[in-house]
């Protein structure tokens, strides 16, 4: 499977891809990387010489949604991705091999490409007990540490790998953590989302392939090209937010007219992702366009960030209950304060010595 | 690495509950403290009533006496500007209304964000003018103590952080949003124990003033 | 014998603090607007005269004794105590530079009744021995002799005899069952006996049954001025006893500001029960006589006159329209001063300030406010309804070399009264 | 399932899901600017429409505004691509689809001739090579069924 001897350009030409086809391919790649549109020739020059990296894909506590998302990646097609872009040497869901043969493939790739292969991880790692999640009898923690040791970089795909995700949500029964909680000595790119936008996964790979460097990352280790602006700021419904026009329920006039979904719990203002421009399902639509607020799935702890249908500004606790309890406590403490003040004042009244004109001068 | 988000969740969760709790307890206790001191019965034959004039004064004190305004226009104008800016930003920004709706069970229509934005700028400008006035006007300079400046900061920070958060001038957004909420939590916690209480007690004070004058037949 | 001590003073402040005071202190944001309403600030520009600042001793006691935070602060040593030195320093602010005129109470944006609180602080000042010596002496004279100016009954009797001889009018004294008991201020007895004459003249014409009381003729109440409920009670009790003995239906408060406050608004509360009689101000009574057609005037002059509203009668007393009706009875050319009625500026001598020699210089300085008000009015004669205002204004005018006759409203009315001989 | 069937799902018959951001107008202004730039300097500009947040109706609005001009072309290279000149000469719409027919790039080019339409030296070389082979072998006919056959 591994063939690192030829460059991408040679490989494509061997397949009879014309220069026009290659240019088109590069245009698509540049667009996917959110590069300025005029950058396609530069991308072409870089891709011409790029070599296919070996990729090892590890899946831990996950739902395979990230892989599902990737296999629906439309630009370029998964076939292209698998056979032209990268050499996917281990992916226990997609690979044909199983059992000992599969593990052998992983070990061979690690050995052959030591220090050069890319490690892709989806799923979080349970620290509560090694037996919570194992592959071929190896705990997730051990496999991650082993495999990351020789990797050039780690790409944490999906919110579980990037931030802990659903397994880490309170009460976090397995003691789940993110990749970056364990691996600290390798470059890590977080491609968060539940699942991530497929083009973003391939885009990150393409970036690595094109420029042989890691993309510029944000505070959370996410590529700025895709996570640089919030959903809210790129949302086509934003003008309604600014005008103060909101859907109040999912089936009201406002909802039909496509007004802002803030009041219905849209987490767009705090969610950074590219959904608003890249969209889903071959660019067909995305959650807000289909009438549902953003869940903020690309953000750390989004499962615990209050109800999905509660507006972002509403605190996560039960405020009415807090007000009720505090009010009752206030009444109790207030009653005590009344007692103290009454006592103090009646003491002052008792101590009152009648003032007569003989008392006007100070005691000296 | 993920501190800003954890921070935001904390200020929206535990911290908000705690500060709201302290706020409610404090305000209730303060009112009890005030009422506990009582008011002696008044045996003098009244010329007018108390209730109506008291309510009237609650309204009329919103407008300054002309002569006083002429002598101290900055205090009045800056005071108006900042209060109006603050109140519009607080009560007519949709995310805020959502919070009130979640607390009280009812909401009201918000204003378009450009208007709220302008109000916030006015509020900030007004507060800066108020501070300048406090630092330069001889009367205010003499009167002001640490608490006055503390209260100024407590009022200014929510406006400033709110403005920064809305315009995403600080990265990442959860950090500045968290700071905004945190600044409000400081405001809530200290509210009952500082002169921020005037927000509520001024109605009481005005009523007492109007009632005491009204009883003597004077519109105050 | 008990004497004034700091502890008694602080205790008095504790006693005085009530719910309105707590609401007022809770609401103050130190905006300084009250300064602009106070002539001691506007005329001197000295911020120390800012009204709300005068209350600092009581504010501290309120915070430290009646709020949880204040108690905590006190516990950890953060509270600033009220010391005797502080109160001594505050004497000027509480007495010499506050006439209790109540103008600040009308402008405070949060509604603080500051004058109401200054009056309360005076209780603490008295109990701690920090009242000004002159005001103390006046109080001693009032209690021991019967009048703050040291006037005894004999002096009044002499004046009565004199008036009766001059005019042939009868001044009734100690008439049991009379409708009205007229009170007088010492100043009227000594400086303006025309007031007594005018009463006799008007009441005779209107057929009002009235009397003076030999045991209770003094209307002024130094207890109110110095700020001692106990002394004020003692003085008010004398009036109540006199009125009850003569079984009058009404007491007439004379042309004196604080006397009206003392008998009309504070009196029943001082003795702790409603009065069995009513209290009217002389202007209220005259206005009533006017309205019912029992008195009328003639030969009105066209001279431009204006009216100085005594703070205690107008802003703090509610007698606002009556003087205006009466002014139009005595003049065809009555004009108002720029700020008038409840917005009038104090003469600068109320609240015991005129009795305080320590305040003399300051009082003269702040008189400029009244001076410019008078000049702006365009009037050439000033009418008022308070003997104290009248004296203070006359002194002020003299100080600034202004020729400006000042007269009492009752007196002026009597001059123009239509007398119908039987 | 019967319970679910009872739930009424209202369908808006007008289908008027509004969603205009006003971005179409902004883009037109940007295009006008790029046209002036092309005339003055001869430099081309490309606008990537996939990078611009569009509401459901924005794209239709923009395309109907641009309209159809004199030239249109269809390419077959790693999937179909469509290139057409708008009714504003020099303003081209370029839409690339992959072999699965999915749109992979969507651009407006403000240029005299989109780069993608030009024949490239490498392709001309390889074409020439193939033509020579044909001439040398003297074959009378050749198939054009698969222009991408192994060289």
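All chains are identified by letter, namely A, B, C and D, in their written order; residue positions are counted from 1 within each chain.
The rule is short, and it goes like this: a contact is a pair of C-beta atoms (placed from the backbone, for glycine too) under 8 Å apart; a residue touches a chain by one contact, two chains touch by 3 or more.
Computed from a prediction, not measured in an experiment: that's the story for all the values here.
With contact taken as defined at the outset, there is no chain that touches chain A as well as chain D.
Among the other chains, D has the CA centre that is most remote from the centre of chain B. Chain centres here are Cα means. That of chain C falls 93 Å from that of chain D.
The geometric centre of chain B is 38 Å away from that of chain C, both derived from CA atoms. Between the CA-based centres of chain A and chain B the separation comes to 38 Å, rounded to the whole angstrom. In this assembly, the C-alpha centroid of chain B lies 58 Å from the C-alpha centroid of chain D.
Shown for chain B are the residues in touch with two or more other chains, namely 29, 33, 35-38.
Shared contact sites, meaning residues of chain C that touch two or more other chains, fall at 17, 66, 68. Contacting chain pairs (ordered by label): A-B, A-C, A-D, B-C.
Partner chain A is touched in their complex by these residues of chain B: 1-2, 4-6, 8-9, 12-14, 16-17, 20-29, 31-33, 35-38, 94-96, 98-99, 102-105, 109-114, 168, 171-174, 177, 181. Within the complex formed with chain D, the residues of chain A that make contact are 14-21, 23-25, 27-28, 30-32, 34, 36-38, 74-77, 80, 234-239, 251, 256-258, 276-278, 282-283, 285, 289.
Against chain A, in their complex, chain C makes its touches with residues 1-5, 8, 11-12, 14-15, 17, 65-66, 68, 126-131, 136, 139-140, 143-144, 226, 228-231, 234.
Listed in rising order, the residues of chain A touching chain C in the complex are 337, 341, 344-345, 348-349, 351-363.
Considering their complex, residues 10, 12, 17-23, 44-48, 50-56, 58, 75, 77-79, 81, 94, 96, 98-100, 102-107, 115-116, 120-123, 126, 147-151 of chain D touch chain A.
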